[in-house]
């Protein structure tokens, strides 16, 4: 059960503490050696649709406690990669080892989720007829089994936790509003809230700040810094300001495989990245 | 010139737009800013006719559109790039683009305008792929391209940069500027990405809780003022 | 019960009748000409009278008698009797006939045209099966020497139906004269069949030899019957057994071919029943339970058109099905547009509610038709060009109506595919159904497109109904009997895919026809349904499913 | 006429699959009732029909039967077509002691005290028809039927009958299809190859209802000629044929107790009345309608004789009632609740009418318990003293109730 | 915020009916049914209010249909899948009861085999009839058989992610297959005629009015019990999960809920309730036959639910009672017009009452509120 902590209370002050030993960017097709403490290890993943390879022998290692940003051109395969990790898409070849033990490519979505993989979708998807509160209640970390669900009680601790997340997402006033009536940006926040309250080990965020104001973007960045201490995160974004603010190790995907990997600065100045992604 | 007068809009019982007055001139980029949920999308939906208004009027190029259904507005020249892309998922990219020809008067026979592919080369490669299979950013590009095939006189863009890679955002900015400069088109741009908006806009409207709280030409507005309205 | 029945169709019947007349003339010429003529005329008149009034046995005797007498009018009278053109006149003992190929009524005895035929109240003389069988035998014995080779063929076939020694003689005589190879071969085969049972061992062996290449189940059973007999030498036995086995093999192959055809033809019926649904359900996503009633409307339109044509231009009645096609399209299409405008339009985006509303519509339409036309079936006749069948080897037949329906179904599908894929309307239709709001924002008049799309789907269903009227009941329940199958086809094939409808209907049709002989019609269908359920587990979105993200949306 | 109307229940499907057959029976009863009222009513009282729609749904048949008897208080019910529906209402009629006139040929093996069976029993239809075929020299038989109790039982009886007449099982083919079966291609080709073995073959059809039109259409198209393979049907009458172009079917047979084509003055009158009553000059009439004609007239006579509509009294008065059938025979109600009726065999002629090729000289008493089945050959149905049972081997000497009361 | 924001009582209006009102209405309805009807029935025949004997049976059948509708509505209204084959479970429950009754009848007549088997020359009882003469076995089968079919069908279907129209149509295939199979005389369930002409149930004569009332009361109680069970489920968090599954099943999986199992659970439970309803139906209808498996019949069940109000528990009950009462009345009152009325009703409800009868009250309230809101807004 998640005990209440206030994520916003933590400032985003630990950019420096995030420095990790840079790993050499894995060349296409070349397997990456998984180190100890590895939470997620994608190995040679290929996904193709009618001959088109959306992912092409993609390999990637994410350590426990890592914050990883992923950028790359539209269609590079970022969302597809998340689909593979969460079990939505089965790769043609390759494995996705979680916690060194579980091959996620063999698991169903709910099994993956129960291992502690949470996801925010690129296109916000919330349960429209349910209220904001109920959306969070559903996402709230708890036993997911049939009987457990049937017996579930919303005790004060859990209620407090939901209230807290409502606060974080700025949706306090809208708690009783059916989620279908939220604006685009509000849905984004609700999704983030649902992800937070799930208390997963690995959080996948697909374009979390799309449609947010600059201020909200900054707030999101702070939030991420805060939770990264307890969670491992993979963030996909196109907003380079945001990526810079996260200041995390960054992987650049291109045509379904890793183009390069490194610190934000290094990546930003990489001519290949400028060529295919950033533009001049 | 696009002109709304005292536009009001309700979702059920909740009052979302309150007496919105907005003017967008040909040859200019009119930028609408505002926090999440203030009603920007609702405003564009009201203009495109996708959601009925509960008061006020709307005119384009001198003719009153208030009572026209959306397809008539589109045929009158209103093009719309919606926030959530609204690609026709099971039409191919090419077919998605072709749907724009319904409104492009006299162009139906002429076929697609190849120039959109210069802006979005990836679409050219994916002509036969189904719209729904595209990645998010590709869909966004398709949505813009589709609206352009309508050859609209007035283009409504709802956060067009969302989910698009930086290099293409730059291109889009270039195109918007060019379209505006040609003087043919009135452009209404809803944007959260302030720098992008500032770079392009000729004119700003800032919304809050369904109302225009600030309006004026780019030079006339104080950035801090604007930003104040964009924060909570 | 008063009018002469309408003309037999041109075709087999007419041809045979003509030949009968010719053949009998030949025998008539052989009859003693001068002396007995007076007496014969009286006897002939009496026999004809008996045909009109006698009981069954008397009629049979009269037929014999007429053949015997060989009166010049005999051929005309007998053929008229066989084909129900012979009639009595109320209030007199006169017998009249409608001559071969039409024309005014004539007196049966003299051949004189009847004066003022409209004023006569006539009643057709019915020849029972017994009498007609007798006539047929009489006819074939003469006909085997007829001039038309086709008639000789038919006669040969009829003769061996009841073989006897006399038959063998007759066939040998015919064989001597025969010059057309095709007929000659047929006679040889027929002869072999007779000899198989009647001849000595040597003849039998020769006959077996000749018959071993046959593909007729009848020959096989003749051979098997030979095996049952005790008086047959061993070598004949062996030969017969081998010949029977090789025929068996061929028959099995033919049987499989036949089943494939039957499956495809059942498939084409399913295709026609379902293809309209491919639009209203497959494209628009409306669970259209009134689809069956659109088929029904099409079928009833066929009926009405047929009645109108019969009343207005009876000469064109054989073409009324063709007129019914556009009419049914318009009627059902208009009904579709009406329903879309009044009901379905308000329910877009609520597919499950449309289920309820269209269920209501289907009840209304059913009961409406029942009220207007009555509950009993209506007769829709098959035009002659859709009646009958092509006979293939081994007793396999391809019926014309099913061939037509197959071709027609494919044509409808092709046209529909073109409309959907190649026309602006098709594009706009798909755009509207995938995202109504956005389509409107693109300048597409969704209201009109929706109405036309629903109208198109319904109209196509109406056209399907025209075809169905040719093979099944035209009754208020017609739709109900096809609706479940139609949904199965569309779902099995993959909702929204025209190829799916084609593939689905053909696979289900063929599967059905292959299971039926083993499991029976009922269990066969159960198995097919279970297989559909299992199949969907394996491909949850049907045979021709869209893969990838687009399919989920 | 004055006083409380006498109520006559009509329990025929007006919607659903059976409406095709049953609506005309409703029309018939209504016509008879209106005729009765025109001629002064019954016992000086007007007669009134209570029509309900059981909608081809057998639970509804039971419910509606109950409603008619219990709530509407009808004195008699004319109703049902399929044996299945009759079986569904039978317990209701027995429990509430109602009176049902059932007008359709059926399989026998049943004789309820509360039902008068005015259609044919097997010995009045299927057996004579099969005998006719045997007499004509047919040696091989395909028994095609719809899968339910009437065809099953009929075929069971016929199978026994054929065996007893020297036809081995190898020469009998049996096939059942579901209600409404519409694709007959393979079955007909199977019949053709079954017939193609050198023995003269006939088809005996107990195919019911909707399945007949596609059956006959396919028959015609595959060129099955009545001269080669005649089909004799027990559920096909003028009504069914009116949905088909009969030209190619000429010569196929049916066996009934009545054909529309019988030439008697009362028949002409009946047809004319019916057409006038329904306002449709093309309407055809058929055997079950005649059965209702007989049943209704008998019931009226019995009521007049008993001077009451009380079920027990009327039931007792029914025995021995005679009515001139439309075909001019004197038909009589027997103690086993079945009629003595003539048997006719007709060939389909031009225009969908039957040409009668054989008819019995006498009315034949209906026997519900087939003599060809071991389990029923010794059973007797007789609801009068001393038997008083629907099927027993010996008299029960039970109280038959009300016998002798006028 | 109330202490327990479960969907059925969130008060957001999303799920339509205000819960307290629904419960009260249902309690009132069932009380009238339970006490009022038998009392009315017991009145002397000449008192104007006397309920005819047969009405008890008719009402009892309606309540059985109400159970079927409740079961269907639980699946369709909450979890999302629209079953067009729920008649299968109702019918199977009915057949299990029918077997018991048929055996009782045979035994009372001193036979081992039921009539129709004797008729078809069956030598001995087929194995699938074993034990059906024992009431406890019958009772078990009544829920176990429909439950087992639902388990089998649901397990594979939900696992393969068959949803939407695909689910609807293959559930129709299931019920259609059952109809054909049970119509076959060889299957040993009386073929097209089915099982009928029963004599006793638990030793009491089925035609006795006392027995009738007993079965009737049992039906009302079974309906009440099923309602409470369903109510408990939809108000638990599981109910929320169900609604979430209905709206975005994939998303629920990504949250870690075993969506397949949840759906399967509800589906099986629903089948059992339907089976129980079917079983209680048979002694009151006096017959069970394959027409219960007719696809149109199952479609009609969906129609009852929609008329009553999808997404509520009260609605389906209301819909089943209302539609069947109308049908029963009209088939007698206007035999030639009733299909027009029924068809018209279905259309009118969808057009004008999108939330069904149960949504009528909230709809009226919303309309009033809107008018008010409009004036001051």
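To keep things simple, chains are lettered A, B, C, D and E as they appear, and every chain counts its residues starting from 1.
The rule is short, and it goes like this: a contact is a pair of C-beta atoms (placed from the backbone, for glycine too) under 8 Å apart; a residue touches a chain by one contact, two chains touch by 3 or more.
By chain, with names taken from UniProt: A = Urea ABC transporter ATP-binding protein UrtD; B = Urea ABC transporter ATP-binding subunit UrtE; C = Urea ABC transporter permease subunit UrtB; E = Urea ABC transporter permease subunit UrtC.
Everything numeric in this text was worked out from a predicted model, so none of it was measured.
Participant: What are the chains that subunit C and subunit D both touch?
Facilitator: E
Participant: Moving only between chains that touch, what is the shortest number of steps from subunit A to subunit E?
Facilitator: Minimum step count, subunit A to subunit E: 1.
Participant: What chain lies farthest away from subunit A once each centre is taken as the mean of the Cα atoms?
Facilitator: Max centre-to-centre separation from subunit A belongs to D.
Participant: Name the chain whose C-alpha centroid is most distant from the C-alpha centroid of subunit E.
Facilitator: Looking at centroid distances, B is the chain farthest away.
Participant: In terms of CA centres, which chain lies closest to the overall middle?
Facilitator: Chain nearest the overall C-alpha centroid, as shown: E.
Participant: What's the distance between the Cα centroids of subunit C and subunit E, rounded to whole Å?
Facilitator: Inter-chain centre distance comes to 45 Å.
Participant: When the C-alpha atoms of subunit B and subunit C are each averaged to a single point, how far apart are the two points in Å?
Facilitator: For subunit B versus subunit C, the centre distance works out to 62 Å.
Participant: Per the centroid of Cα atoms for each chain, what is the distance between subunit A and subunit B, given in Å?
Facilitator: Subunit A and subunit B have C-alpha centres separated by 30 Å.
Participant: Can you work out the whole-Å distance between the CA centroids of subunit B and subunit D?
Facilitator: Their C-alpha centroids are separated by 75 Å.
Participant: Subunit E: which residues touch two or more other chains?
Facilitator: Residues 180, 183-184, 336, 339 of subunit E each touch two or more of the other chains.
Participant: What parts of subunit B, by residue number, touch at least two of the other chains?
Facilitator: 133
Participant: Please output the residue numbers of subunit A that touch at least 2 other chains, ranges allowed.
Facilitator: Where subunit A meets two or more other chains at a single residue, that happens at 49.
Participant: Contact residues on subunit A for subunit B in the complex?
Facilitator: 49, 52, 72-76, 78-80, 122-123, 170, 181-186, 188-189, 207, 210-216, 238-240, 276-280
Participant: With touch defined as at the start, can you tell me which subunit E residues reach subunit D in the complex?
Facilitator: Contact set of subunit E toward subunit D: 52-55, 57-58, 61, 116, 118-121, 180, 183-185, 191-194, 196-198, 207, 285-287, 289, 291-292, 328, 331-332, 335-336, 338-339.
Participant: For the complex, give me every residue of subunit B touching subunit A.
Facilitator: Residues 11, 14, 35-37, 41, 83-84, 122, 129, 133-138, 140-141, 159, 162-171, 192-194, 227, 230-232.
Participant: Provide the residue numbers of subunit B that touch subunit C in the complex, in ascending order.
Facilitator: Subunit B reaches subunit C through residues 48-50, 69-71, 74-75, 80, 82, 86-91, 95, 98-104, 108, 130-133, 146, 150.
Participant: Quick check: in the complex, which residue numbers of subunit C touch subunit D?
Facilitator: 1, 5, 8-9, 56, 84, 124, 126, 128-130, 132-133, 136, 161, 216-218, 221-222, 225, 258-259, 262, 265-266, 269, 366-367, 370, 374-382, 387-389, 391, 395-397, 399-402, 470-477, 480-481, 512-513, 516-517, 520-522, 525
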